[in-house]
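Here the chain labels run A, B, C and D in written order, and each chain numbers its own residues starting at 1.
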C-alpha cells in the first residue's frame, strides 16, 4: 500500500476524459489553443480577480520561472529551510535564476514566522554589492511539514515582504489540500492575503502533469515569464493536453473535492496513529500528509509488512505518510491495524 | 484545412489508449515506473544496440540537455543556419549550456556539407581561449527544409566531427519521417552512421508530448544528463504518462507507419504542386514538409480560401506545408484543386 | 620590432608616476577612494555632460557588464561580424549575459550599415518567444578593421536602434585613436551621436590595466552594473590604482596625445606601404592599425626579418600592423625599408 | 588611524619598484610575457612541488574560477557559514559556477570541524538528482575570524573530503599571515596537507592587485581554469604588471616578512586589549585580525576618537581591527591608549 507520495497516484478518470475530449482535430500550437486561451478567464473566476496563467508540466518549472522573473541573479530568495525549492529541486532555482541564493530560515511546523523573515531581510544586504540582495519571499502551501498557513499568517508575511519591496511567492504544490482544510475561498488565501504569484499544483492533486503559474496583478512579469518558459523548454507545442487537465480540475471544483478526499484519509490516519499508542504525530496533520514519529523498529516492521513510505530526511524515527485522492479508507484502516499489531 | 504544423495535429488513438492503460494504480515517481524503466531495453532493440534513454516532454528539452552535456559553456555548437536550435528555441540552447555559442553554417537544402563543417571547425579556435571552442556538431533529421540526410551523408559529417574530437548530435524532431523515407533501419541512420546522441521526437509524429533523448555509447554523459533534466524541471513526477506514449509509438512500428502516412500525403501534395503550373517546389520534398514557391498573391488567395500554412521566414513567396498522420488524402486534393483554381 | 598589438606596449611614464603618487597612505576600499570618486566629475567634464563611470581592469569586463545590463538573457546583440565581442572574448558576452545571442552582421570596412542593422532587427523576433529578441546594438570605435565611425554614421545607427527601443553600446578599446583622427569632441562622437554607454579603453592607449565604463543618461542601469561588476570579480579592493591611471590619462589630454602619436606612426606606415609597390592597404588606415595586403611570401620574409605582427584570421595575405604610443618613427622606417627590400 | 582592512593599505615600495622595472619595452600579451611565464617555476620552488599558477587581479576571481572548475552547476560547496565566498562576494560563486549551492556550516572560531563536514556531505545528496551534490570543500586560511588552521586540521578536513571524492580549496586571502603564524613551510599547510587548489592572496599582503590561483596536481583543471579566466574578463592583456607583483612578493620572502610584521602589530594590539580591562578578545588573535569585544559605547567612543574599524556583522559589541604591513607600532599604541582612556 502506497503512502510514499501523491505523485505516485494515478490521474483521476475525469481528467483522463478531458484529455480524450481534447484530442480532437487540429489546435493551434504553443499555448494558443482554445483550452489554453480559456485559462485566464477560468482561473480569474476561481480566484475572484483578474489573473494571468501560464500552464506548464511541472511544479519545478512553475516555481523556477516565478523565482527567476522576480529575483535578479544577485538576489536572495527567503524561504523555509525545509522548502522544496531549497532541498528537492536539484538546484533548479539556481539554474533558472542564474545563480540567486536561497536564504533558508528556521520556523515551527514548516512555517516562516514574520519576525524571523523581517530580521533576515533587514540584516542581509547591509554591505551593498558585497551581499546578495533579498528579492522575494517564498512559502509553501500546504507546507512541506503537512501544515497549512492561515490567511492571517500569509497576510503577516506578505506585509513584512511588501514593506521591504519584496513580492511573495506561494509554492502551491498541494494548494487544493490547503484550501480544502482552510475552508476559505481561493482568493482569501492568495491575492487577498498578499500573494503575488502562485504555483498552482494539480499533478499531485489528480492530474497527469499539469501545473498553472498564476500571476496576480503584475503584468510587467508576463513577457519575462513567457520567455523563461520557452527557454526552459516548457512551452509545449501541444499545450492543449496540459490546459485541458487544468480545466477539468476546475470543473465542479474537482481539485477541491479530490483534495478534501485525500485530507479526510490523512485525518483518519492521524487519528488512528494517535489512538494506537505505538506512535505519535511529529507535526500536526492539516492537509494530506501525516508525519508519524515511531521507533525505527516499528517503521521497519511496517515497511516489511508492505507499506511504502519515506523516512523523513534528517530523522530515523519519522515517517511521512501521504494520502492521495486514490487512497481508500481500507488502505488507512489496514495501516492503522498493522501499526497496532506491530 | 491545417498545413501549419504537425504539432497542431491531435495524438493518435493508439497513444491515447496507451495513456489510459497506464493510468492504473500507483507507480513509482520520477521516471522509476515500469514504463520508463522499459525504455532502455525497448529502444535498444529498436536501434539494434544498447542505448540509454531519457524521456522528456519537449524537443527543446531533449536537444538542450544534450547540447549542454556535450558542450562546455565556452563551446561552439556547429549547426546549419536554419537549424531549429539556432532560430526557433528562443535561446534555450544558450540557457542550458550556460552560454555556448551557436556556429551557424550555410548549406544546400538545409544540410551541412562535410567540407564546410571541417573548415569551420579548423578555422575556429585558433586563438585559444580568445575564441569559443567548437564542441559538437548538430544536424536535424529530417532537416528544417524537409530534406533527409542519407546514411552516407551522416557518416561523412560524423567522420569530420569525430576526427576533431567532436560528438555528433541529431535533432530528430521528425526522425520517423526521415526514417520512413530512407527505408533503412533506425540503427543505420544513427549510431552506425556515427550519431552519438539523438533527440527522438514523437510529438509531431503522433504523440501528445513525448520525446526521448537517446544516447549511444556514452555512459559518461548519463549523470550530467539526468542532473540537467532535473534542473530544467523536466523530470516529471508522473513520467509514466510520457514513457507510455513512447512505448506505444514503438509498438508495431506505429511511429514509422504514421510517418509513412504523413510522408505519402506530402508526396501527393508535392506532385500536385508541380503539376499545377501555378507553383513549384523550393526544396525537394523528402519527408512530410513541402516548401512551395508561388506568387505572393497566390499564397494570399490560398490563405483566404481557408488553407492554413506558414510563409517561410525570409521569403514572401515560399509557403511551408506540413502533413501529419492526420492529414487526409482529401485535404491534399482540396489544396491542389484550390491551387489550380487560383 | 613589435607591430603585434598596442597591448604589448609598456605603460606611459606619466601613468606610472600617477600610480606612484596614488600609493600613499590608506584609502577606502572597493572604489570608494578619492581617485575613484573623482571619476564621475572628471569624465563628465571631458564628455561635456553628466555621466557615470565604473572603473575596471579589462575591456572585456567593461563590454560585458554593459551588454549584460542592457540585454536580457533572451536578447540579441547586434554587432559586426568582426566585432571583438563576437570573436575575441572567448564567450565572455554569453557568460555575463547568461546566454544572450550575438547577431553578427556584414558591413564594409568593419562598420555596420544602418539599413542592414534595421533589417536585421526588423526580421528577427517575428516569432515572439521562439526567437531571441534584439536588445541592443554594439559598435567598435575605432573598428576592428582600423577604420573610424564619423559622428553622422554613429547618429544614423543610433537612430535605427533607438527607434526600435534598443540602446547603442560603443566598444571604445581604441576610442582615443578614433577621437584623435576625427578631430571632434568626445561628446560629439558619443552621447551627442546617440551612444548610451561606452567602454572607454585606456590600456592599449598607454595605461597598465585601466578601462572606464561610461554611462550616459541611464541611471536605471547603475545598480545592475555595480552588482555585475562585483559578481564578475571586477570590483578591485584597491581600485585607486585603476582610477589613478584613468585620471592620469585625462590630465593634459594625455590619452589623446598618445593616440595621436600612434596614429601618426600608422599613417607613416600606411604611406610607406602604399609607396612600396610591394604591398597595398586592405582597409583604409584611419586610426593606429594598418592592414597590409601582400604576398604570403613577403609576409613570411618580414617575419623572418624580425618584424612581429599578426596574419589576420581568415586571410593568408593580410597582415595587421599596430602602432602604439611607444612605436618610434625609426621602427616604421625600418619596416618600410624592409618591405621595399624584400 | 585605519584598522578597517588591510586592503585599504598602500602597496609596499618593493612592489612598486617591481612594477616600474616591468614597464620596459614590449611584452607578449595575455599572460605570455616572461614575468607570467616565470610564475609556475617560482611558485613551484616556493611550495616545494610542481604547481601551476594563474595570475589574476582579485581574490574573488581566483576563488570563483576554482569553485567553478571543480563544482558542476548542480554541485554543493561546503564552507563555513562565515566564509567570504558565502557572505561577501555578492553571489560571484553562484555566477561563476552557473548556480552551484553554497552549503554553509557552523564551527568554532571560523573553522570547519571534520565530523561536521563529514556529516553534511553524507546527509546531502541522498535523494540523487533531487538534491545538489556536494562537490568540494572550501576553507579560508587565515579564517574570517582571524584564526589559523594548523596542518593537522587541514589534513583532517582533506581526508574527509578526499575520502568522499571531493577536492579541497583554500581561500588564502591572508595566506601569508597564516603561514607566518604557523612557522611551517608553504607546502606543509597546502599540498602536503591535502589542499588541491589555493587562492593565494597578495593584495591585502602588500601588493596592488595581484592574486595567484595555485593548482597542485590537477592538470585536468587547467584548460577550464584558463577558459573561465578569459570568460570572466580576468585575462589581462598586460598581465606582466600583475605577475611582476607576485614575483616581487616572493623575492626574499617579502610576502612572509610583511605578514609577520602585520601579525606582530595584531599581537601587540591583542595584548593591549586584554590588558586594558575595557575589552576582551572575541576570537583568538592568530594572524593580523583582532576581534575585540567591548561595550558598544566604548566602540562608539573609539570611532569618535578617529579610529576606523568595522563592527562585525551580527554583533553590536564586536569590532574587527585589522593590521597591515603599513600599521605602525605607534598606531597600535595610540589605539590601546585610547581604549584605556575611554
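Methods note: contacts are C-beta pairs under 8 Å (C-beta built on N, C-alpha and C of every residue); 3 or more make two chains touch, one makes a residue touch a chain.
Here the structure is a predicted model, which means the values were calculated and not measured.
Contacts with subunit B and subunit C are shared by A, D. Comparing chain pairs B-D and C-D by the number of C-beta pairs in contact, the larger count belongs to C-D.
Centre-to-centre separation between subunit B and subunit D, using Cα means, comes to 50 Å. Subunit A and subunit D have CA centres that are 42 Å apart.
In this assembly, the C-alpha centroid of subunit C lies 34 Å from the C-alpha centroid of subunit D. Each of residues 73-74, 89-91, 95, 98-99, 129-130, 227, 230-231, 235 in subunit B touches at least two other chains. Residues 30, 72-74, 98-99, 128-130, 133, 224, 226-231, 235 of subunit D are the ones that touch subunit B when the two sit in their complex.
Against subunit B, in their complex, subunit A makes its touches with residues 2, 4-5, 7-11, 13, 16, 19-20, 23-29, 56-58, 60-61, 64, 89-92, 95-96, 203-204, 208-209, 227, 230-238, 241-242, 326.
Contact residues of subunit A toward subunit D in the complex are 73-74, 87-91, 94-95, 97-102, 123, 126-127, 129-132, 313-314.
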